[in-house]
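The data blocks that follow each hold one structure.
Shared between the two complexes below is chain A, which has chain B as its partner in the first and chain C in the second.
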Partner chain A sequence: MSGIASLELRGLVKRFGGLLATDHVSVTIAEGELFALIGPNGAGKSTLIGQIAGELMPDEGEILIGDQSITGWGVVARARSGLGRTFQIAQTIDAFTTLESVVLSRRSGSLSPTGFFAPLLGDKEILDIARETLNVVGLGELTQLRVDRLSHGERKQLELAMALVRQPRVLLLDEPMAGMSPGESETMAQLLSELRGKCTIVLIEHDMDVVFKLADRIGVLASGALIAIGSADDIRNNPLVRASYLGEEEIT
Partner chain B sequence: MILSTCVLVPTVCFWFDAPHLVTLATRIAILSIAAISLNLLIGTCGLVSFGHGMYLAIGAYSVSILQTTGVDNGFAHFSAATVVAGIAAALIGPLALRTSGIAFIMVTLAFAQMFFYLMISLRVFGGDDGMSLAGHSLLGPLDLGNRLGLFEVSVLLLAAITALSQLFNRSTAGYALRAARQNVRRAESLGLDIHRLRRIVYVVSAVLTADAGSLFANLNSYVSPSYSAWPMSGDLILIVVLGGMGSVFGPIVGAIFLLSVESFAPGLSEHWMLPYGIAIVWIVMTARHGLLGALLALRPAGKERRQ
Partner chain C sequence: MTTLIITQVLNGLQFGLMLFLIATGLTLILGIMDFVNLAHGSLYMMGAYATATLVAKGMGFFPALLGGVLATFAVGVVIEVVVVRKLYRRDHLDHVLATFGIILAFNEVVRIIWGPVGLTFDPPEQFADSVDLLGFTYPAYRLLVIGMISLVGAGLWWLVTRTRIGMQIRAGATHPEIVSALGVNIRALKTTLFALGAALAAFSGALIGPLRSVQPGMGEEVLIQALVVIIVGGIGAIRGALVAGILLGLLDTLGRAFLPLMISRFANPEVAQAVGPALASMMIYLTMALVLVFKPAGLLPATGK
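Right, the complex of A and B next:
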């Protein structure tokens, strides 16, 4: 399942009652591209990620990974086809240790009959991969710690480790640095820059410095619609974007 | 585990020269098997089945009905129990598993009550009078009508199921189901096919409970629709919750406690129900991990991992 794949959205529409949360969004994100999605609160960023991950079903439009349409697929099938994600509010399993969480994630794809009796932590090779991944995200010292003892930032790191250990073809990151300490944010930014080119990434992030530095392209979402797509320079100088989003940032 | 059982069985049998104690110990072993099976759903999946009495009844009727047709081969009895319970669970599971929480409790209860009324209405199988066994299951040379033989078979099966469910809990599937119990969103976004896993566990749990039911019929020499009624299903839940649903051994502790009290307390006082009820409420409210959890907490501390 490893490898990289492009991600294509074709005319996605999602309505919540009368609210148009996704307004005819079309974009093709190339293999290995880091695509940042920015936009004010409530613009529909998480809603878009939710549709790509399969948690929300679009009312119209199509989603493709590589050449394959995954529009009708559920969350599990999409995850198995190589889609990894983190959540805006970290979703973790509190009673597990960080190592158990990452090993489970690694083994989740291959639940054969032996998966019912072979111990989760019985495969040395997978343990090593899991430890290495925890190390990469900055949790190398905390492999035996229960997840409910982790700080907010550490949980986000763990979520990333759980996604990375499965070698996703497409990775969806919903505000991975929100609520992190400055040190943790820096580690995360460093990590994201190392991930560039290794998998296709959709990154939602409010920290403009990080976005401008890391993203190959940036898409600006306002009221559900993609109002601009372009390089960091394009976006910085786009008057529409300045009015709807960056302007706000400068004021606050 | 297996070894200690082999050592334990003869000793216990020797001490249990009193036949009613052997019967009590056998009942504890059999209901422990059913409760451990039920705990695969309650503890591991977070799904409270209020209808497992039905599978106990299916296993029990498999013995009694085959006996009336002259089949006394125990392997046939257990196979019938396994197949019928497996098919019933494979049909009911996907339906019941569309729900969770209270709805799951209600759906499983509804199916068990339906089976209860079905057996009451079937006069050929004794209706609400139930059926007395024409004979007991014969496992090769071993007659399950023999009290010690039945006890040993029950304890061996209990040991095997305990060991298997221990393995299962530490397996990838066990972790996956516990992950989903805590956070379905997370589990599914890891690509864990939780619904498929739950359907499998539901069938396995039902089949093992039915096998316990076949042993139960041999113990009581009698089968009745009441096995499928809610008080039986409720007792199984109580055993799991009292003993502790967090561990494989909890249900065994729960069964020992519940069945011993029910067996001895009436001899001590006619008003045993009141303190008994209070004790149950007290245990459930104070011991978060059941009796086993409370017992383990009595051990000198020091196992806790701090960083």
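Right, the complex of A and C next:
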């Protein structure tokens, strides 16, 4: 279960009525690759993410983690098979401390019946792993703080810690910098660059500077289709990409 | 007089803890799953009947109690899977209609199986008598009830606030997306919580069995009182249910014992005899009305979900 794995999308199609929200998307994201997905608003990023996460089922096509097809699987089964994720709007649990959140994340998904009734914070080994992970994301000093006292940026960091502590084989990051202050963004960018190579990452992010700096490859989504895949330079110089972004924002 | 007061306070405490235990299953299901379960009283009745039947078959009180609770847990699982699960996304009116249907069905089934006449069963032998308590006597079984509910209440608090399943249940209620993304099966979690509520109701029903008679419809009266406890304590709050349960239990019991006496001080005995009990039985509802006016969220609402 541990270790990292590739993520492969094969000819994914998703229709909403007459709208083709995902238009035959195929891409293989290699083990340890940081793959960024960009595209103007309404390009179908959320729909594609939903299909990878298991919230939406594709109408056609296949999704594989490593050699394993997970196409028909639900959210829970995908999580158990090693898919980790963060959300566009940080999903953290106000009433818990940061440490409790991370421990809960680490221990969830295990099915041992006795474990259910064990005290959450009873296992020292897991506590150490959780503290270490909080350290990694920069929350090492705040283990006893209740989540509702955290700043927006810290919540995003916590969410990342909750995903990382499960040692995901594939990690889905849905706009990790959304709504962050410049300082917070920088911390997060630093963190992501440290994760490079340790984890297969799909990154959705509006901050183009970060995307161009961090991503091994970038995929550009427009009207549901992947219109370009390539390195930062390839994408910058691609006329098709420029055209699809017209009126959106300048790609520098 | 002092003895009478102490006895009545203990009675009130015992009744209050009982109310707490019944209300707590209801309040967890309402607060965490946002589901209105009117059938809670029926599960209470089910626990009482199952335990009474096992005792009648010659089982000891405690094994029968455990059997009754486990049987009702299983019934809770079935009800959740067959009926309740389909209703979470609907509004409260649908919850009320469906679970009211379950009440009617349960009462009828109980009449068919056990007949319209109530059952009775005895407390465990070791607790059948009264004990000497600092110079006055008190039924040992009522003390046992106070002790057992305190233990179960403490265990429940620990389960919900400290254990992994409790944390998952609380997290899953407010943040189902993230909890699913962590690989937790929310559906199974909800089934477990519903069945846990059923088991708590059954436990109260079984405990009350030796004190009152076990009969069809016994769940409805208690359901109303439990709803009052929830409203007074604050929806979803175990602590609130504890405080409100004890408060209302004391008010009700002491009111019934002493209001007629107090009224007779300044009115003629006939009036006191008429007004006293009537006023006493209204006490908990009056309290609820006051709480609704001055603290609509309840005395100790659940904080920071």
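Operating definition for what follows: the second predicted complex is superposed on the first by the 248 of 252 C-alpha atoms of A that agree within 3 Å, B and C clash if a C-alpha of one lies under 4 Å from a C-alpha of the other, contacts with A are read in each partner's own complex, and residues count from 1 in each chain.
Here is the rule we use: a contact is a pair of C-beta atoms (placed from the backbone, for glycine too) under 8 Å apart; a residue touches a chain by one contact, two chains touch by 3 or more.
The model shown is predicted, which means the values in this text are computed figures rather than measured ones.
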| item | value |
| --- | --- |
| Clash or fit (per the criteria above) of chain B with chain C on chain A | clash |
| Touching partner for A:S185 - first (chain B), second (chain C), both, neither | neither |
| Which of chain B and chain C A:N238 touches, first, second, both or neither | neither |
| Touching partner for A:A118 - first (chain B), second (chain C), both, neither | both |
| Which of chain B and chain C A:Q51 touches, first, second, both or neither | neither |
| Touched partner set for A:Q144, first chain B, second chain C, both or neither | first |
| Common interface positions of chain A, toward chain B and toward chain C | 53, 75-76, 79-80, 85, 87, 91-96, 100, 104-105, 107-109, 115-121, 162, 166 |
| Chain C residues within the chain A interface of the complex | 159, 162-168, 170-171, 174-175, 177-186, 303-305 |
| Chain A partner contacts - residues on chain B that touch it in the complex | 164, 167-168, 170-176, 178-179, 182-183, 185-194, 197, 200, 305, 307 |
| Residues of chain A touching chain B in the complex | 53, 55, 74-76, 79-80, 85, 87, 91-96, 100, 104-105, 107-109, 111, 115-121, 142, 144-145, 149, 162, 166 |
| List of chain A residues in touch with chain C within their complex | 53, 75-76, 79-80, 84-85, 87, 91-96, 100, 104-105, 107-109, 115-121, 146, 148, 159, 162, 166 |
